[in-house]
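Here come two complexes built around chain A, the first alongside chain B, the second alongside chain C.
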Partner chain A sequence: MGTMAGNSRKVRVLLAKSDQDAHDRGIRYIAEVLRDAGVEVIFIRYRICEEVTEIALQEDVDVLGMGFYSSGYEFDIPTILEALKAKGKALKFMVGGIISGDEVPKLKAIGVDAIFGPGTPTEDVVRFVAH
Partner chain B sequence: MFEDAILAQVKLMVETWERKVAKRKDKSKLKCKTAGGIPIKPFYTPGDLAGTGQSEVGIPGQFPYTRGFREVPYSLEGWMMRQPVALGLSKDTRARMEYLEKLGWQLFIGEDEANRLHVQNIALDICSQQGYDPDAPEARGRVGRDGTSLSNMWDFEELYEGKDLTKTEVFFASPDGQLPCLAAYLVYAERRGVPWDKLRLKVSNLWYHSWYWDAAGYPPKHAYKLGPECIAFFRKHVPIAQVASVTGYSPGETGATPSQEVAFSLATAMFITEEAIKVGLDPDDFVPHFYGHDHTSLDLFETVAKFRAKRRMWAKIFRDKFGCQNPMALRLRNFPQTAGSLLQRNEPENNIVRVTLMALAQVLAGADGVWAASFDECLNIPSQRAAQIALRTGQIIFYETNVANVIDPLGGSYYVEWLTSEIERRAWELLNTIEEKGGYLNCWESGWFRSELAREARKWQESIDNKERTIVGVNDFVIDEGEMSALFRIRKGTEQEAVERVRAFRARRDHEKVELALRRLRAALEDMKASWPEACGNLMPAMIEAFRADCTIGETQGLMKEVLGYGYYGRQ
Partner chain C sequence: MNELLRGMLNGDTFALGRLITMAENEQLELGALMRQLRHRLGRAYLIGITGAPGAGKSTVTARLIGLMVETGLSVGVIACDPSSPYSGGAVLGDRIRMSQHTLASGVFIRSMATRGYHGGLSPTLHTVASLLDAFGKDYIILETVGVGQTELDIANIADSNVLVLTPHAGDEIQAMKSGIMEIADVFVVNKMDRGEADATVEDLQGVLRMRRKAGNWEPRIVKSQAVEGIGISDVFAAIELHRRFASETGLRDRRRRISSKEAFCRTLDEVLMKRIRKAVTSSAEFSSYVAKVESGELDRYSACDELLADKRMWRAMCGDPPAS
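Take a look at the complex of A and B:
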C-alpha cells in the first residue's frame, strides 16, 4: 500500500488536525516520536479538508494521520478519503482522538486503516506507520 | 519558623532515621518526585522550613494569603460550583441545567434558599467558538456537539427567558469569541429592561487562551489589545462583572509543571495589568476583578501547594510591583478545574474516583470554586447521569466529609509548607527567565512558552509509555473491554433545527441596519488594528450596536477574524 519507492526512501507521514479542533498535545507528541523513529513527518497543524488533501498529494505521503478532539470527524474523514480517491492517491489513513466505538466499523468500512483512541500505547502507532 | 533548640533536636532524629534506612536494600526507591518532577523526601520536618518564615505562612484572610482569603470556613460561605452545562441548542442546555438545579445546584453550595444564585457556565460548540453560524459549511457535523450552539438573539432568548438575570452568574466559554457573546448578552439584557450594572458576568477575556494549543484566531500583535478593551468597557458599564480570567488550566493541560503553570499565569496577569495601565486604567480598580482558573492534578499535595504558592506570589506582585493599595487587588479568586487530560477512556467509571480526588484537592487548597468534571468527558460531552454525579461529588464533599469546617487544613504541614515554598522559588526563577527572554508577548511570538510546555508534555507521555508512571487500567492492570462508545449523543435533527433557525432569524432583520452595523464594526476593528491605544474603547460599543441590529455571532466574530486575525474561511 502507499507509494513506497524503494528501500532508500523514508516513510512519509502527514499529520493534521481539523481546522475546527483544539488541543494539539497528542498529535505533537506523535509527530516527535515518529520523527525520532526515522519517519519523515510533515505536520501542518489545523487545516480544512481541502488543504489536507492537497498537501497529502503534493508531499506524496505514505501515511495520513489526523487527530480529532472534537466532533465532525464523521464528515471530515469521508470528505478527505473521497477526494484522495478521486485523485487516485492511495495511502494508509490513521485517526486518533475521541472516536466513539460505534463509529469504528463505519470508518474502517470507508477506508480508515487504524484508529488509535486515548490510552493507545505510542509504539502501536509507530509500528503501524513504519511497517 | 522554629527555634534553634528544636531544629537541633530534629536534626538528631533525622540522623537516626538515616542510619536505620541506610541498611535497606530498596532505599533508592525512597527518592521520589512529584507529578511536576520536584524531587521529594520520605518525610519533612521543621528543618525543611528554614526558608519559610511565619510571615510567609500567616493566617487565613491576611497577607500574603498563603492560607487563603477566607476569614470563615466554607461551612459558612460555601464554595462555588462552576462546571459548564452546555449541549445541543439553548433549550437542551436549559433543560439540563434546570434538571441539575432540582438536584440542588446553585452558584454557592450551602447557601440558603433566600440568597440563591444561579450559574450559567456556557461552553459553546466548536463552530460557534470559531465564529461560524450553524449554516456555515464549516459547521457541518459540529452544531451543538461539543457545547451549545449559540449564534443569534433567539438562542440567547431561549437560554435566559424568564430567568432573573440579576441572580444568574453568566460565563461564555469562547476565548476568541468573547466580545460577540458578551455584547449579545448585554443587548439581550437591555431588551429585557435589566440594567447592565445589575448583571453578574464573568468576562473570560482569554485572548491568549488558544495560543496554548496553537489554534488562536488572532496573532499576539493584535490579540493583546482585546484585554484592555474588555477591562475598560466592563469596569465602566458592568461594575460587578469580573473582567479577566488568568488561566493556569490551559498551560496545565498543555503539559505545564506546577511552577510553570504558576509562572506563566502570573506573567499573563502582569502583562494584562501593564497593558491596561497603558490605556489609563487604575490597577486598584480593575485587578480586584481578575479571577484565576487553575489546573488541578491528581498529585493532591502538589496541587494544594501550587494554589497556595500562587496566592502568595500574587499578593506580593500586586503589592510590590504594582503598588496596589486596595486589599482586594492582592487576592486572586480562583475557580480551578479538574484536569481533563488526567481522565482516561479505559474503564471510564474510574474517572469518578479521579475527579473526586481532584475536587478534594481544590477544597483543601482553599479554592473559591469547585469544578468537578464528568467522568465520561473522554467519550463525549457529559451525559445527564455523569453531570449529576459531578454535581453530587461536590455536594458529598461539602456535606458528608466535614472538610468544609476548617480553613486551610494542610497549613503548617511541613511537607505542604516546604512544597509551597519550593514551587514559589521555581516560579520566581521562571518569571525572571520570561523577563530575560524579552517579556510575556515575546515569549509567545518566539514560541518559547509552547516549546517549554511541549517538552514537559513529552516527558509526561514518555513516562507513561515506558511505564515509569502507572495509569491504572491504561498502561498497567489493563483489561480489554472492547471499543468504548459514546454514552451520550445530542438529539437527532439538532443541526437542521439550528440551520433553519439562524436562516429564519436573518430573514426577518432590517438588512440595511445590519450592513451599516457591520460596516461600523469593521471600521472599529480597523481602528484598533491601526491606532492603539488611542482606539481603546471603540470596539465594544460597535459590537453592541451590531447585536442591536441583530447581527449574528458568525458575522461579528468573522469580521474580527478577518480584520485582526489570520483570516476567515467562512467569508471567502
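Take a look at the complex of A and C:
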C-alpha cells in the first residue's frame, strides 16, 4: 500500500450492544461484514445509554447500529435517540436482533431508520450503511 | 470550520469529533486549521504506547487513563487499529477495554484506522494530536497498532515512548535489539502473573546495559498486571521520571524539533506525490505508455524512463512557477 491510500472518505459505524445482553454473535458478524465492505467499525459494549451517545459523538460516526436479543430496547433506543437529538448529532440508526412485531412501527416512528431481524441478507445491511 | 473550532475551544466534544473526522478526510484546509490552533499548541504531554499484538497496550492505556482521571488530569486517547489492506475497512476494538472511562470527566477517546499507512499510526495522527492538544488535554496517549520491529513512527511523535511486552519474550527481545528496543523510554513487562516475568526483566536489563551511555536516559523497566491494575502507578511514575529528565536535559525540545521536521517532510512527500502523480497519470503520454506496458511492447522501467524524459511531462509535473 502506498501513501496515496490514505485520506479517502470512510463510512464510520458504531456497533453497540448492552452488557446485560449475552448474545453478541450477530453484532460481531455484522462488524466483520461491514469491515469487509470497507467500513470502519467501532464495536462497544455499554452499561448505560449515555456511553453510547458520548461515544457516537467522540467517534463522530455516520451510522449507529444496536443489537438486542432480549428486552431493554424499549428503554434504550428512545433514550439514545433523544440524547443524540439534543446534541444535534445526525446519524442513521439501525437495530438488529429480536424485535417483536408490534414494536417495529413504534421504533420507526421515533426515528429508527432500519430494523434487521434474523435472516436479513447481509447485503441489505451493507447497502443501508454504505449508501 | 470556524464555528466548529469555536465550539471545540469551548469544550464541545461533538465539535472536536467533527473536526477530527474532517481532518482525517481532508475535508477542510489543514493549513488554515493549524494556523488557527497555533497559539494553543505545545501544552499536552504525548505518551506513545506500543508493543506486539495482545501484549496489553489497550489495557495499560485504560489503567493509565484511570490513574490520570483520579489525579484530576485530563487525557485524550488516540487508539490506532489496522485497516484491512483488502477492503480498506477496519474493526476498531481498542476502546472496548477503556469503556469504564467513557463518561469520566476530561476523557476523550478516538479510534483511528491506519488507512493504508505503515508505521503503526494513522497519517493524520499529528493533526489529530494537535486538535486534542488545543482542546486542552494534559496528556495525550497514542496507542499504536500491534507493531513488529520496524514500525517506529511513534518514536518521532511522542514525548515518552512506552513499550509493552509480555513474559517469555526472551527471543523477542533478542530480535528487537536493533529495532523497537531503541525507541522505548519505559519498558512494561505486562502479564507478570504468567511467570518468568523476572527472567524477561533480566533479559531486558542485559540488552539495555550494553547500550548504557553517560548522560543518556536510562530506560526504566516496570512489571505490571494491567488487568488487575497492578504496577500501573509504577508505569506512570517511570513516565513522569522520563518527562522530568527530558525537560531538564533538553531532550524533549530536541525530540519535538525532530518530530516537527519529520512531520513536515512527510506532508511534503504526500503533497508532492499527489501533485506529480495527478499530473502524470492524467496526461495523454501516460495513457500511451500504459498501453505499451500492457501489451508487453515495453517493460515498466523503460516506460518510466521514457515517460519522465519527455519534456512535456516535466512541464505537466512542475507547472509554471508560482506568481510573485
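Just so we're on the same page, the second predicted complex is superposed on the first by the 121 of 131 C-alpha atoms of A that agree within 3 Å, B and C clash if a C-alpha of one lies under 4 Å from a C-alpha of the other, contacts with A are read in each partner's own complex, and residues count from 1 in each chain.
The criterion applied here is as follows: contacts are C-beta pairs under 8 Å (C-beta built on N, C-alpha and C of every residue); 3 or more make two chains touch, one makes a residue touch a chain.
Everything quoted here is computed from the prediction, not taken from an experiment.
Novice: So in the superposed three-chain picture, is A:Ala83 touching just chain B, just chain C, both, or none of them (first/second/both/neither)?
Specialist: neither
Novice: So, A:Arg35: does it touch chain B (first), chain C (second), both, or neither?
Specialist: Once the two structures are laid over each other on A, A:Arg35 reaches chain C alone.
Novice: Return first, second, both or neither, reflecting whether A:Asp102 touches chain B, chain C, both chains, or no partner chain.
Specialist: After superposition on chain A, A:Asp102 lies in contact with chain B alone.
Novice: In the superposed model, which partner reaches more residues of chain A, chain B or chain C?
Specialist: Counting residues of chain A touched by each partner, the higher count goes to C.
Novice: Just chain B (first), just chain C (second), both, or neither: which does A:Phe43 touch?
Specialist: second
Novice: Between chain B and chain C, whom does A:Gln58 touch in the aligned arrangement: first, second, both, or neither?
Specialist: second
Novice: Which partner does A:Arg25 reach: the first (chain B), the second (chain C), both, or neither?
Specialist: It touches chain B, and chain C stays clear.
Novice: Taking the superposition as given, does A:Arg12 touch the first partner, chain B, the second, chain C, both, or neither?
Specialist: The second partner, chain C, only.
Novice: Does the superposition put A:Val126 against chain B (first), chain C (second), both, or neither?
Specialist: Neither partner.
Novice: Between chain B and chain C, which residues of chain A are contacted by each of them?
Specialist: In chain A, residues 32, 45-46, 48 are touched by chain B and also by chain C.
Novice: Spell out the residues on chain B that touch chain A in their complex, using ranges where they run on.
Specialist: Touching chain A: residues 126-127, 130, 132, 138-142, 145-146, 210, 213-215, 253-255, 341, 344-346, 378-380, 454, 457-458, 461, 465, 471, 474-475, 482-486, 569 of chain B.
Novice: Write out the stretch or stretches of chain A touching chain B in their complex.
Specialist: Of all residues in chain A, those touching chain B are 19-25, 28-29, 32, 45-46, 48, 70-76, 98, 100-102, 104, 117-119, 121-123.
Novice: What residues of chain C sit close enough to touch chain A in their complex?
Specialist: 13-14, 16-18, 20-21, 24-27, 83-93, 95-96, 99, 102-103, 108-111, 113, 115-118, 122-124, 269-270, 273-274, 277
Novice: Once bound in the complex, which stretches of chain A touch chain C?
Specialist: 1-10, 12, 31-32, 34-48, 50-51, 54-55, 57-60, 87-89
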